[in-house]
């Protein structure tokens, strides 16, 4: 295995593109090193992007925030601006592993690992985040975060491409987001179900816009349009939240595995979507 | 005379009989005389036993005195984690 | 197979080693530098027994490639005590019996020190969540949590 | 045993909480554990493991692996001597060596996924890994069975084709997976149930749990050309490791020296051998030291978890809550070899209660899973889960407080125990009363919250122990022990030696000596060390005192009967013994070279008189009714320690046992796919409790002295894991109004139970 730590994005994409065998990007490494150790992947090349200037930075852009691919969770959680704008995204990222994992794991790594249970992905999708993809030709393109993972362990990235940053847009006034997941313990587990809700209230306290996204109940994060529709135009009263719960449970397409059963995941998807919506609503109400 | 009793765990291995009288002064003599006098006990003795004398459990103490009239039980040997 | 040359700083001292690119920082610390205080309990970041500071951040050394350490600063359990003097956390762990088998103890101490540097006045819940990545199978955590809370109070001068 | 004593009740040092002698090395990272030793020219050993749950090994071809540069040795079944079913047992090994030898390296069949089939030693980890891939095995995959109830059904795949159930009369003609049947009977079971006003019955199931020690198994072996070998390893019993390895490999005991490293947890799981005989063979073949360490994944797949069980139990009681009868069928799988702890389980479950009529059927079952090893109170937590759950059901039905129900049935001194002998001095009633009166029971549970109560019992034992107490000329003392220190026992031994010798605790140090330095020591386990090594330390210390009295008498030229030991000094016994200034411990130590040479005491004993230990646990928890998640709010562990030598480490045992028990109750389990492959061999999905999962764990140390120990010590390590499965289950059941009968009580299982509630 060859280890490279290039100093420019162009070098990084160039190395990835010219590698004949399996190549992997190393950011936080919390998934990659486990895969290496278990022999699950045997790459010919590992490209460490942490020495590329700017990769570990969070910068303000168009009222929102651009988060570099090598920003660890611990840094994101200490960034006042992002915490204020997108508390749900931050709490989702902070749920990834322990304090030690937070010292390394990145939002982009969580996205590109393409696990159906990735915690940060539903929250980023609910926030309308964009992934900036750098290619070997020096070109960059922005795609919705939801378009990066296409199935378990599979992404839409072409050979030589990598995700260089995530753009979190400006959070509208009177908006709030939240992410909840169910794990059997309090920490250190993979989500059995995850639910992210982002919503905006109008001046009358009615829900004007909403996004509901579920994790771990399908091959990739699931947008629940019916769930959003159930709360848009309401004051997030019990009946509308019950309708959201029903819509989320109905939309879930889980599997039976060692972490949970189909009926369990289906039911809990609804419960968490409802609870997340309530938290997001409260946050939106406080956010003037 | 010592009336050796089988703990409930071992009774089924010796045909259900509970009581085996022997003349003995030590744990070693108890085991030796049981072996000679009661062939039905051989699976029990072969398995390995501990001996409880008046409620105190002895695993390997062949020289331990057994007072006349003591309560003597054979039990399975206990280990642990 | 050619080996990678790495120059790094461990507990304030310059350290150099050659390693295979597949080796982790934990492998290098233990096998190349003889610093066996960091333990391998899982090699997957799930137990925290190999907790070290890496450029000022708490990480699992099993999830860092040794090659990544080039030019970085690593702090391990071996560097925690001053010359002839234990760190207050180490003293408190001894005083309260906050260890049994002791194999998880180096990881707990490194992690707890990082916590107190960032938050000198944590409450019980904060300590428990901060240390959730450090598994202990002997103590039930009770005395460990108490030791961290009491050390924090001592350091605040209470 | 020659030590004469009356149990004392006042102490000067015992019962205090000084820092442990090995503590500083453990907080600074200096302490050396199994994987921490490095030797010059050392090779790395790795094991190839079966990918199949059950498969015949038709052929093993190692030629490609041997040809790989850097590979220095390859071993398979062909390299192990055949010890025969009866074996030649030297030493004190109690495990069936035929089984252990076959567990260490598969012979005709791989009996479980992870079973070792070959091993290599190479110049690096990378080469060793590569070599494993070059070993060619021809498999014939066989049908498998991993569930205990399925394994007992006629027609189930046979783990051992020729296994005939032992203990049945007449013996069955057909082979089966039932290794042994045992029946435990007392009184008249039918009359007992006839006298009952209320009868409860349930079937309970528990999934296998792993000890989950944080340190994986590791060893370094170095064999030399003259047939002598050294082994360094993390183990609960290096003498047993020596005996097992020597027997499996056909060595003399004197030719193998085993040193126990510091041990990173064991809980029963490090009482046998896995890597050690293989490492010795690899070293013998290569002529170089070989280090072997298990990965976490190997620990789960190939070391010894506990049994999974299926238990059907029925208990009858009168209207006023007196238990009249209990019958039960206990079905425990012990993995691929006989020896599940079903018998211990059966007797421990009912031992706390005075029940005149008992009929228990025990089945020891084999399946295609790793060979079970001891795990803290082997067999007892599962049985207590069944029995204590049924008692809770009776308490609910009769509307009796659960502590009160247990008080009405608790065994007391003079009660006959379910396993035979009459109980001596025991402290169960004292534990129940302490729990009942504890302030934490004053808080009333809120919505979706409930309180669960359960009791537990472990008999404890003593065993063989050798201890040497050496006095240095400066008056400091060194205690050499042969029982690996898992949880602070060196501190306890130093306290007991200091107490006997009446010198400061700081003047006493303790080490764990290797197998060449002391007589045989049984393994650290069964909660025996503080009792038995304590007895030996006290006995050895008293020999030191005897010698000191003789030396002082000789110096004074008076008869030894004319001196006494008092306050750490030798004094004349009275006025007519002469006028001599007392000689201090230090002074006599300093005179040693001139008065006959070194002063030491040693004791080689087979400790008897272990005192039974009882515990009562109280668990308060909350269930999220929409997700089935449980939050443990409060936990109280009350237990009789006899006498707590070092209370910190007694409390630590209670708290650690509780944490393990809560993990087992709520989340820990072995998950097998239909292919017989373990699906969760890692700490990610084998979910042991993390710090944020638990509250502080309150403890009460009850001290009802054990008359079998000079200080009244009872073992404390095992009992605390016995009640938690039931305490948690009783709390969850009361919170959701539905009896929980399976562990783990994971969120999906609890939610399913809530959905079924009427």
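Chains: A, B, C and D, in written order; residue numbering restarts at 1 for each.
Just so we're on the same page, contacts are C-beta pairs under 8 Å (C-beta built on N, C-alpha and C of every residue); 3 or more make two chains touch, one makes a residue touch a chain.
In this text, all values refer to a predicted model and were calculated from it rather than measured experimentally.
The interface with the greater number of C-beta contacts, when B-D is set against A-D, is B-D. Ranked by how close its mean Cα position lies to the mean of all protein Cα atoms, the top chain is D.
Taking each chain's centre as the average of its CA atoms, subunit B and subunit C sit 54 Å apart. Look at where the CA atoms of subunit B average out and do the same for subunit D: the two points lie 26 Å apart. Between the Cα centres of subunit A and subunit D there is a gap of 44 Å.
Rounded to a whole number, the gap between the C-alpha centres of subunit A and subunit C is 29 angstrom. Multi-chain contact residues of subunit D (touching two or more other chains) are listed as 211, 266-267, 683-684, 689-690, 692. In subunit A, the residues touching two or more other chains are 38, 186-188. A complete list of chain pairs in contact reads A-C, A-D, B-D, C-D.
Here subunit A touches subunit C in the complex through residues 1-3, 5, 26, 29-30, 33-34, 36-38, 46, 48, 50, 72, 74, 97-101, 103-104, 186-188, going by the rule given at the top. Against subunit D, in their complex, subunit C makes its touches with residues 1, 20, 22, 30-31, 34-44, 46-47, 49, 76-78, 80-81, 86, 90, 93-97, 99-106, 109, 124-125, 127-129, 131-146.
Within the complex, the subunit A residues that touch subunit D are 38-39, 182, 184-190, 192, 258-261, 263-264, 267-268, 271-272. Subunit C makes touch with subunit A in their complex at residues 4, 21-22, 24, 43-46, 48, 51, 54, 57-60, 62-65, 67-68, 70, 111, 114-115, 129-134. Of all residues in subunit D, only 17, 19-20, 22-24, 26-33, 35-36, 38, 124, 126, 211-216, 262-267, 293, 295-296, 486-488, 646, 648-649, 651-652, 654-660, 682-684, 688-692, 694, 696-697 touch subunit C in the complex they form.
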